[in-house]
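So that you can tell them apart, the chains are marked A, B and C in the order they are listed, and the count of residues begins at 1 in each.
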Amino acid sequence: MSIVTVQLGQCGNQVGHALFDVLCSDAQEGQRKVFSSSSCERFFHQTAHGDLVARAVLIDMEPKAINQSISRAAKSGKWRYGETSHFSQKQGSGNNWANGYCVHGPRHRERVEELLRREVERCDRLAGLMAIMSVAGGTGSGVGTYVTECLRDVYPKSFILNHLTWPYRTGEVIVQNYNSVLTLAHLYQLSDAILVHENDTVHRICSQLLNIKQISFGDVNSVIAHQLGGILQPALTADSCGVYSRNPLGELVSCLTCHPEYKLLSVSTIPQMPSSSMAYSTFSWPSLLKHLRQMLISNTKMEEGIDWQVRPPAGAERTRTLTGPSFNTSLANLLILRGKDVYSAETGQRTDLRTPNVAFEDPALFTSWLSSEDAVNVWKTPVPFNKYEKCATLVSNSQALLRPLDNMVGKAWNMFASRAYIHQYLKFGISEEDFLDSFTSLEQVISSYNQLR
Amino acid sequence: MTQSVVVQVGQCGNQVGCRFWDLALREHAHINKKGLYDEALGSFFRNVDSRDCDGGASVVGGRIQHLKARAVLVDMEEGVVNEILQGPLREMFDSTQLLTDVSGSGNNWAVGHMTYGSAYREQIVDKLRKASEHCDCLQCFFLIHSLGGGTGSGLGTRVLSLLEEEFPEVCRIVTSIYPSAEDDVITSPYNSVLAMRELTEHADCVLPVENQSLVDIVNKIKRMSHDGKPGSVIKSESTVISGQGGLSGAEKPFDAMNNIVANLLLNITSSARFEGSLNMDLNEIAMNLVPFPRLHYLVPSLTPLYTLAVNVPTRRLDQMFSDAFGKDHQLIRAEPKHSLYLACALMVRGNVQVSDLRRNIERLKPSLPFVSWNQEGWKTGLCSVPPVGHSHSLLALANNTCVKPTFMELRERFTKLYRKKAHLHHYLQVEGMEQSLFSEAISSLSSLIEEYHQLDATRGRFMPDAPRLSIAV
Amino acid sequence: MQRSKAAVSVEVKQVIGALCRLLAATGLESVPAPENFRRAKFGGGLEVEEQFWQLLTDILQTSGIVSREARAQLGGEHRALVAAGLWQTGYHADWMYGQGGGKGGEGGRFSSKDLLLALGWLLATGKLEKLLTQRIQQLDKTLLLTPTPVNPQLPNEFQLDLASLRKLQWLIGSLRYQGRTLLSMQEERTCLLHAVFFASLPSSVSSTSSDQGSTLLRKDCACMQQLCDLLEAYLKWKQVETVFWTWMDSVVDCHLTDPVFKKPTHAPNGSARVCHHGNRGLEKLENMLLRLPTGQKGQRRVREAPEDRGEGLLQCRSDTSCLPPLLSSFPCPPSCPQVYRARLQTERPCRHSSHPAHEARGQADTPDEFAASQAAQPLLHTEALLLERRDRQRLANRMQLQDMIGRLDELVLIPP
């Protein structure tokens, strides 16, 4: 029941490093033996000396980010990366998806597969594979897509989760929309679930919730790591029969992405606050859940500035006029509750009329063809996470990512209509048809998500 | 870590190159306190054991013994190169990196391109090959030359096409010094236009620099430093024109201007050499800033030009961003704000966070006209090591239609001469030279101008979004 | 399609062979050989019948319709046991209601064909799947969840609209993930077992002597193998099932056209309950009626007990095995057989008169004469009614058939 992580490109390596940091420090906190050993087993491999070595493979086409991650991990003293678990080249992919996918990927395929195989063999049982990357650059997107293809080839029956970081909308990279479109279209066929964090959203969380003045990428990565950790740390699920689930990725995808056209997942976590404020705050499950529910339906990722006016449509009649443009229809939701008194947290009881806003199993939140019993799952653990006394994470397969995706495809399409930058891609081996195919697949995805209403 | 090779051709090219090496050494000396030959140094320098006559392999991590520049110096006159070899930088270059002749090109592009180009072809290729073999991962060739003369312009562009032939996968970034209108070389328009055609066809990126802008910037700084107002004392080391702290002692004429160009090159390569939270490699520059193969002229602007002795916090940072788009800081005479941006890259050095970067982009975006299909066309890079004397700096590279007026002026000057067929015989008598080359060159320039013009025409006009693909439900 | 008779018979034999293998794989002990199926079609005699009695009993018992105690009680009384079991499943045939025992074997015109038909009924009503499920439950120890019984029939209300399609796709995806999870659990288990095995071996034993595996592992392996065989057999069967039902059709045809006087012993005990099919014209009518789609595969047609006025019930065969399930919506003509029965009953006296040799019919003679004279009028009337109804029904069915065909892609042959 171990997860092997593949960190791709600069962003992937930075986020991955932050994630392992969070997981390790959370696992080693306090006197929680079963939880700790389960968490460590899942993400780390223990050497004969008792060192924790992350179950990860680091891949980048240029060495700086990898070297940084490896040295920072080693400096922490609590965990480290394997000495030979990384692969880098001298020269990057130049922000060019085609360069990553057609040139670098195949060129280094054998070496990468060997590294992966070694890491997988160190696991007693493979719970699944997770690839962390960004979609804006060249390596994370292009090489990342190629590596995911390799993963699917070599481990066809494993669960593969892709974690993507979507760039700031006002770019980091000018051709980021092309790279994103090409990546997403390909990953949709290969991956079991695609978990997305948007830089813009996380940036807002940093500035408004965490009150960070000068936000660095390190801060952004910490928030992402916190949210990811909240999903991946051990939890008790409906199928796990009273012990920590031994099939976390399998259960995650079974709850959320059974339908092949709906694979995009977004994350919300509550509470998120600066560590200095935590001592002065008290949390109650009903309040947390109420806010989280409203965050879901109004499609905000922060507990501040929630639009309480957005309501789910009343009654069986669900037409567009009633729902309004800001209502977020879900296909399936997974709630993960961690912390004190978690068993008293009520999530779906509609019979409790005093707290109607806590009902996650309200059919009005969901699309009509999946019953709310199938669509809502809850995982719980009484162990608190990352120093928060109570923490609730919502992984949602909903229309939350519809608008950003639509924007991204729209901008890429505009650029494509002028044929701008296309020559840069064509010279590495992909064709205009490949572009068109990718656009078509994503329009299909957008259409499917639109029809959830 | 990747390496880059600098190829400096002609008098102007070598003068600029000389300043570049001086400042590069200064920068690395500033950073590299331990005297170890690290990867950053390795991108421009080889570490050579002087006892080893071959100039053998450089081992990263060892002590610095003897640094040799990764450079090839080409000139058809000996004056400038000899000066370099007699100056404090002589140790940086060995004879295998030099190619000189005695008679010069006589400000004649045809002589540089055809005559010397054919005569020295093998030698040039040989030297380039040697330089590239010393690199274990060559990423980029930097070509420095001027367009007005004969050697830099003619031979320089010949070298460019050789680079494309022999090393097609290596990026070619060309820094071209454009002649100003008052240039004393009469035939500079001919040379420039003939060279431009080569640049349009063979270069990956061109950074045009106008002499006049350099002069203006120098004057501005001098005015500033002589101003004597309280609170405006400039740290002399920090000015972009200063060569202080480098190996060369006294400042020579043109040094100030050349230092600016040298700083430009240092800043472009900073992210590839040093670490940062958002790295920007050289091949990413070409990828992001060149939407169409021929439109690869990137207008550079450097800020700050100097640092005040008194520290002023964040406002200065924001001011730096604003200045980068102002007329005064561009290295060609142009007003980018009044033209259309196709793409823009911001390379920030120093202690700047991504939030500052984003804030400033948000602030400045409304006033900058971008092409309709690239409304958010920003490429950003963050390098944590600031340049010498500054706490942070910014280099902006803009693919902007404001180069059009410059090109149009150039075309006009060319046409004035060509109509009268003035001095044409000097060119035509060179073997290999034909009149058709002139007409082809000017038509290439014209079509380039036309392409920019068409894009310009869309500025301010509302361009509707392209209709999206519709999916049958 | 023109196929040579030989090719057809070879194919049929293979198909029946697949069925036999499948039945054997589900754990039934007394599966007749494929050849015996063919013999049974043409009335194979006592040993064949015996085999089929055994088979039917086994099936009924294994699928829980007949309890083990009942089997023990009734012992060699196959007929009674099977009849009881079949009645539970909704099958009604004349031979089930004849008094068992008696002089010299079964009463009536009973033959192994009836047993074949009974087997067909059981197969059609899902007993096979039930056997399969049970066997899988026995063999597969890794099943943690309570398995839901396999229901091969689509519910009538299934709509192929977008929402249902999406739901179906969701379910398929969910199953796929479950499959993967199970596979990985299986792999882990194997690895652990392997580790345990090696750990439990004494250190002096070299790895080459790993032939002496523990019995448990071998048993598990055998179970797995059986499971695989079973599923494979089922798969093969499903692929050729239609051929089997076509063959079954021919059995039914045989059964219907079988002239009564071929069978020497025909002593109806008590009241005549057996439907005689000697009359050719009647035969044809019956054939035609029976060939009408009379209900979906496996649909139970429970005959109302009150109808049984002691005169015997007609065997209503669900002769639909060769029809695609889409035609299942055809209405059954419930009233037809009633009329049919009435007609035949009144007919019987005439027929009886042709068998003066049968002493049992003696008592019917008088009703014969009486019925014959008086029956003509109502008989003709009934005939007219029947014909009319038949025509109407035929027309309606035909139209529905046309409709369905219009929606189908493949060619469908409509029997005349």
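Note that in this section contacts are C-beta pairs under 8 Å (C-beta built on N, C-alpha and C of every residue); 3 or more make two chains touch, one makes a residue touch a chain.
Quick caveat: nothing in here was measured; it's all calculated off a predicted structure.
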item	value
Most central chain, Cα average position	A
Among all chain pairs, the one with the most C-beta contacts	A-B
CA centroid of chain A to CA centroid of chain B, Å	41
Geometric centre distance via CA averages, chain C-chain A, whole Å	54
Chain centre separation (chain B, chain C; CA means) in Å	88
Residue list for chain A, restricted to those that touch at least two other chains	451
Multi-chain contact sites of chain C, meaning residues that touch two or more partners	none
Chain A residues within the chain C interface of the complex	124-127, 157-159, 192, 247, 250, 253-254, 257-261, 368-370, 374, 451
Residue numbers on chain A that touch chain B, as the complex places them	10, 62-65, 68, 89-92, 94-96, 138, 168-175, 203, 207, 213-218, 220, 409-411, 413-421, 423-424, 439-440, 443-444, 447, 451
Parts of chain B lying in touch with chain A, wherever the complex brings them together	1-2, 136-137, 139, 275, 277-279, 281, 283-284, 286-293, 343, 353-356, 358, 361-362, 365, 372-380, 465-466, 468-471, 473
Touching residues on chain C, where the partner in the complex is chain A	162-164, 166-167, 169-174, 176-178, 180-181, 183-185, 187-188, 191
